[in-house]
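Labels run A, B, C and D following the written order; every chain starts at residue 1.
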Amino acid sequence: MIYLENIIQAGDYVLIVYGDRGRWLVQVKEGETFHTNKGFIQFDSIIGKPNGTSVLSSKENTFQIFAPTPADFLQKTIRKTQIVYPKDASFILIQTGIGPGSRVVEAGAGSGGLTSVLAYYVRPTGKIYSYEVNEQFYKKAQKTLARAQLGTFVEFKNQDISEGINEKNVDSVVLDLPQPWDIIPEAEKALKCGGTFASLSPTIIQVQNTVEKLREHEFGDVNTYELLLRPWKISIHKGTFVATRPKTQMIGHSGFLTFARKLCK
Amino acid sequence: MIYLENIIQAGDYVLIVYGDRGRWLVQVKEGETFHTNKGFIQFDSIIGKPNGTSVLSSKENTFQIFAPTPADFLQKTIRKTQIVYPKDASFILIQTGIGPGSRVVEAGAGSGGLTSVLAYYVRPTGKIYSYEVNEQFYKKAQKTLARAQLGTFVEFKNQDISEGINEKNVDSVVLDLPQPWDIIPEAEKALKCGGTFASLSPTIIQVQNTVEKLREHEFGDVNTYELLLRPWKISIHKGTFVATRPKTQMIGHSGFLTFARKLCK
Amino acid sequence: MIYLENIIQAGDYVLIVYGDRGRWLVQVKEGETFHTNKGFIQFDSIIGKPNGTSVLSSKENTFQIFAPTPADFLQKTIRKTQIVYPKDASFILIQTGIGPGSRVVEAGAGSGGLTSVLAYYVRPTGKIYSYEVNEQFYKKAQKTLARAQLGTFVEFKNQDISEGINEKNVDSVVLDLPQPWDIIPEAEKALKCGGTFASLSPTIIQVQNTVEKLREHEFGDVNTYELLLRPWKISIHKGTFVATRPKTQMIGHSGFLTFARKLCK
Amino acid sequence: MIYLENIIQAGDYVLIVYGDRGRWLVQVKEGETFHTNKGFIQFDSIIGKPNGTSVLSSKENTFQIFAPTPADFLQKTIRKTQIVYPKDASFILIQTGIGPGSRVVEAGAGSGGLTSVLAYYVRPTGKIYSYEVNEQFYKKAQKTLARAQLGTFVEFKNQDISEGINEKNVDSVVLDLPQPWDIIPEAEKALKCGGTFASLSPTIIQVQNTVEKLREHEFGDVNTYELLLRPWKISIHKGTFVATRPKTQMIGHSGFLTFARKLCK
């Protein structure tokens, strides 16, 4: 996600934008071509151009080429049913205080989407310890982080986190697991005093179980939220008709976010 | 917001939590006392204790003491009508890619709430150039950043940003101004190619004007969103009665967020 | 809620509106006075005036006097924690098909708010059979209906509905009870084939239990919804500053609505 | 929408439900067949059966047959981009007080969806005066009302409402027009004192113009709202895994609703 020179080079991942809906995250490959139904673009024509370049496709349509932000990366590299959305990933950051220098335990990595965002924000001195029991996801997540050029900030573990967390005194624990409540005793041991806990769950019964377990253990300041993102369509003036309005389609639910902090004496 | 030793010391700002609703951000002062209607706490009794300590007040109520996260800091240091909410501040981060090492122009600083969050995330090598024309706010924002121990990451300017931005080639421009559209030509000059733009406005006509101006200038990938945060009450099991439900009160609106990126040839 | 002559008379209930926030539902009493901190109004000055009259208070503030709609009646006659909101009451109407001529079983009447709305819409040939086990509420609900001049469309029963529903072949059953699932076998017996069922519950576990019970019994087309009402502030043009925006405060939750229909062979 | 005998007859419109997603509103025709990819149903097999009947398709799938409620009718008879949703139609009812006996002016009828709902609720003594300038829609709306067996409660007018409203002293005016503000002087003349006004618009600038015009004319108690309907998925218990959660997809916007009442001296 980082262009030191702000110039597009072979091997970079770029976000290609067309109109309101076309968004692709692709790797720039010398001599190769990017195809859409609006025409093709030769990668060689954008290599050496700055971030923010506009190019014409073979069908004379304008495409814009950008360095991906963490939000682009999250929404576009990953094709699984339950991706972590940018709104949720960023709210986890600000609520837990995960930032430059933080040491964070995460499970499960899944395809590595949330891992990438966490890694991006703990740079340059922090570390993500990422547990993923499923070997296929474990490998996929490593690829995702390599793609984002953030692999050095993550230590991947193909382990079942319920069998124990190796790290001690970490700043935060972030869980995206089917049964997060099972990990709470381990999270308690791994966290420093006052350390922050976040869990992301799609269903309300998971939240119920997680919150009950947090209260049984030494956690305080337990709060649950959900975030609704509403995209708007902003129109250009045409006399009195300005069609500015919320967009018709909207994601009605991604997941519930539960936060807590470890208590100490 | 950063405790190197994770031990509460005199001069630190701490978050004090009582039950579901009591939340205060206060400075720990030797020999002094913190008063609430649930009893008082002597600061001396928490100095030297770890982050995450529980203490009993004089009325035997339990209060929890934590190092503030950026979200606590944002919601609790500032008492003006239109604070920037954590949900919005964090969504700006992930959409713009503002992170460790970013160079960011911000206006207006206001009380310094959003400035603190940006400063926290660009550590240790980035910088916030923060414009605030109002002298009173300019001074207030500096105090807020000093309080957050983040002053070294911000260069404050008591200048009207509409008269020009001194910096060039910055990664991002973030505006929280009544007339953001006036700044767009300046923002365009200050941004690097592909650099990201974010603007926060409470009203829809401000958004309308901003988006129209962005389209007239060399900006692409223009998108507007609003975020709704819904807090939930999660109850402990009592037979079949588990009163888990969204909370009755909710903030219905904070502001609209508009994002764009600078195009280059 | 019905003015045959559209002229305000002594004994009528009127909605008094002042500015954006002042709303009172009061009975017009000859010789008496209505007091607010914006001045008082003598009821005699509005008797004989049409619905929609504006009057000046003793402090020269303008108040508007209207015949109450069902929405006004619902929000303003009743002072309990969990009133049924107009958005929910009206969605129950359209989803169940309760309308002119419908025969409906309702429990519990509570203060009679939802009962009033149902009664208003089943006129002139329908009937509400309203069960309320709590004697105090049973009496309160009768008063509310008398006030709305809708008492003739309701048969009140100071009975525990879980002990049985006397009516057969009703069009709809509407429940606002702590344990609606207990009533489902009785609701099934009382409903005509294809008859509609609605239940309103504040918590998600109540919904869970209700839906599971509906599926065990002969109900089909089971659906659960929640409705969020977002009030907007629309401002008058003042140059480029038009402060149009959603209002800051919003009710984040009232209740979940579950609908179903009785299956028959 | 009304079955006097609650028995399905040839010519009736029925709602056919399959699982969570299959919903069709079709006319029962003797000797004909209803086809889906889950098998076909012979209409003759349901004629004479009660409302609420379950039938097996040729592929042994269970379909449920119901008399349509107004909500079904609204969502299922009409295939245009901007239908009026049940949540909005019903909120108009309760806020305006349109009910049994009301005399209502409506424009534009469009395909007749909202007209049907209004007609259903003003039975048996009320009347809808429905203006539709477009001849194609004027004819379509009449067909829709005939289908709903509600034609006798509506007087259709193939007229441009901006050229004048023929009726006087009506209880309510309901507008679903691109430029509702143009009709406000006419609406004012047609309404009785204290009569209610409702307007439905997809964009915020339409609302802005409408509210400004209402304030210039003799209207009071002007309020604008939007309603968000959130469907939930309620799951059956399977150990600790109960997948109860809001559904992923949701309509993010249908329209803004503006209400007002006519003032008189």
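Note that in this section contacts are C-beta pairs under 8 Å (C-beta built on N, C-alpha and C of every residue); 3 or more make two chains touch, one makes a residue touch a chain.
In this text the structure is predicted, and so the values were computed from the model without any measurement.
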**Fill in**
Shared touch partners for subunit B + subunit D come out as A, C
**Request:** Taking CA centroids for every chain, report which one is farthest away from subunit B.
**Result:** D
**Prompt:** CA centre of subunit A versus CA centre of subunit D: separation in Å?
**Reply:** 41
**Message:** Roughly how far is subunit A from subunit B, centre to centre by C-alpha average, rounded to an integer in Å?
**Reply:** 20
**Request:** Any chance you could list the residues of subunit C touching two or more other chains?
**Result:** 204, 230-231, 242, 244
**Complete:** Given the complex, residues on subunit B that touch subunit C span 178-179, 202-205, 209, 230-231, 235, 240-254
**Message:** Under the stated contact criterion, what part of subunit D meets subunit C in this complex?
**Reply:** 1, 6, 17, 50-54, 64, 66-67, 69-71, 74, 86-87, 89-91, 93-97, 99-101, 117, 120-121, 123-125, 192-196, 204, 207-208, 211-212, 215, 220-232, 234, 236-237, 242, 244, 256, 258, 261-265
